[in-house]
Amino acid sequence: MDTKPVLKLTLDGATKVMNAVLKEALKRKKEISVAVVDAGGHLLAFSRMEDAELTTISIAENKARCSAFTAFPTGKLSRSGNERSDFHALAITLAAGTDKMVNMQGGLPIIVNGQCVGGVAVSGAGHSDGEIAQVGAALLGV
Amino acid sequence: MDTKPVLKLTLDGATKVMNAVLKEALKRKKEISVAVVDAGGHLLAFSRMEDAELTTISIAENKARCSAFTAFPTGKLSRSGNERSDFHALAITLAAGTDKMVNMQGGLPIIVNGQCVGGVAVSGAGHSDGEIAQVGAALLGV
Amino acid sequence: MDTKPVLKLTLDGATKVMNAVLKEALKRKKEISVAVVDAGGHLLAFSRMEDAELTTISIAENKARCSAFTAFPTGKLSRSGNERSDFHALAITLAAGTDKMVNMQGGLPIIVNGQCVGGVAVSGAGHSDGEIAQVGAALLGV
Amino acid sequence: MDTKPVLKLTLDGATKVMNAVLKEALKRKKEISVAVVDAGGHLLAFSRMEDAELTTISIAENKARCSAFTAFPTGKLSRSGNERSDFHALAITLAAGTDKMVNMQGGLPIIVNGQCVGGVAVSGAGHSDGEIAQVGAALLGV
């Protein structure tokens, strides 16, 4: 089998996810960046509220990419349900290239029909990043 | 005078510009990326149609940044109205860092009340990039 | 439509392409690197003959990625059949990031059922790079 | 003595190592990337199963390079048999450049007639990475 069928995230889908995240951030009065990438980690949709820190731009994109690449929430939980140490998360980030991935909470995979079609991440709301991103990730499936 | 008042492009403004560009691209049946950056060259809003070439992501962002930095359309026209050579445009791109700027047509400054508040650029529509970006840039002022 | 169905290149398909390329290079007594990437530009299969220049490693990968991203052979021909100037090809390479793309002949998209599922590229055989890569690209479709 | 004879790993040797690793991974139903590099740390052979995480690409290559550079398995054991701390392993990774080396288990040197001729590494199988890589490393000697 040289090729096999998979699902591809569209701009329409990515925009729907992003807008839900922006709405949730506004409700919580958080200034954030939100990034949505496809399964290959390439940017589909991005917004930064004008008063969010500029560091949030690359952090949001790199957390989204990390989730898309691993099909897993960024942060410290492992697939088996055990906690990954912060140290382990840092090691993976360094290992995979710090210009591409950030393995800190706030990124979530976008799963449709059991397939990881991309990732969404929020940066700028501190410990709430993951909860806000979840509002978007939950829209398209799981 | 230690500080002075300036205008700052908001996410609302950037989104308005981006959506006008996307609508124009759809009308022309072009698959594009569109990027809107602030006066510091930092991304505010971005969309990639899922069938646009992946090269368009960085090219759109780098053209938008180039316009925001120079308050001038990307490409080969100089401020004085004379044509810049392709070579000159390339030299500027290289000088400023190819991971940040692209001086090829398709990027436009966003000018409000005579102030450059950011840039918008399109990639993916070839020679029409600039015309499509113009639909967005024209919305907020000039 | 949040997602849409596409084809994904497998390791089996990529290996088939790579082995055909290696066989052709051996026949021509060329020392080469060959890289096969998926539609997102991510490496699936790679071989370097031990006497090929070390520069061929990144050049092969970056040409393959360039073809995957553009769904087009690397080099100077445009989609419309007109020649792109070498200058234009260089500008695109610089614009998209020189650590990711090389737009010099030797890379070809892998097209299956009209979809670009990846790219294959050869480096090390000079002007024959494209001909050798073509033997692999032709295996899976077009 | 201005020069001295050494052994150089060939593509044939590297491919033999890689194929043994792929076979072992299939047997264990693990989705992995495998990389084989020469004594200079330069890629000779690489395969990624299409459902392996995209992070495995650079991690496999960087672990293989780390083993080739040190003639030692990646991870926490020092040459003297004492455990290196995780922190020590991370420090070495950082010191050597995170775009080149990863000192986490899963990489092994390829030793032939007492000479380190390269390295092989697996990423994607978690704690089994090293065991799977060992099947390949053991083929050519030691």
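Every chain is named by a letter (A, B, C and D) in the order it is written, and numbering of its residues begins at 1.
The rule we apply is simple: a contact is a pair of C-beta atoms (placed from the backbone, for glycine too) under 8 Å apart; a residue touches a chain by one contact, two chains touch by 3 or more.
The model shown is predicted, which means the values in this text are computed figures rather than measured ones.
Engineer: Starting from the defined contact criterion, work out which chains touch chain A and chain B both, please.
Structural biologist: C
Engineer: Examine where the copies chain B and chain C touch and state whether the two sides share over half of their residue numbers (same) or under half (different).
Structural biologist: Chain B and chain C contact each other through largely non-matching residue numbers.
Engineer: Taking the mean of the C-alpha atoms as each chain's centre, how many Å separate chain B from chain D?
Structural biologist: Each chain's C-alpha centroid was found; their separation is 44 Å.
Engineer: I'd like to verify one number: the distance from the centre of chain A to the centre of chain D, where each centre is the average of its C-alpha atoms, in whole angstrom.
Structural biologist: 30
Engineer: For chain A versus chain C, what separation do you get between their C-alpha means, in angstrom?
Structural biologist: Using C-alpha averages as centres, the distance is 30 Å.
Engineer: At least two other chains touched by the same residue of chain C: list those residues.
Structural biologist: Residue numbers touching two or more other chains: 4, 8-10, 38, 40-42.
Engineer: Can you work out from the touch definition every pair of chains that touches here?
Structural biologist: A-B, A-C, A-D, B-C, C-D
Engineer: So in the complex, the part of chain A that touches chain C is made up of which residues?
Structural biologist: 1-10, 12-13, 16, 38-42, 112, 117, 140
Engineer: What residues on chain D touch chain A, complex-wise?
Structural biologist: Within the complex, chain D contacts chain A at residues 50, 53-55, 58-59, 62-63, 86-87, 90, 93-94, 98-99, 102, 104.
Engineer: For chain A, which residues count as touching chain B in their complex?
Structural biologist: Going through chain A, the ones touching chain B are 8-11, 14-15, 38, 40, 42-50, 54, 57.
Engineer: Enumerate the contact residues on chain A facing chain D in the complex.
Structural biologist: Its residues touching chain D are 4, 40-41, 66, 68-71, 87, 90-92, 94-98, 101.
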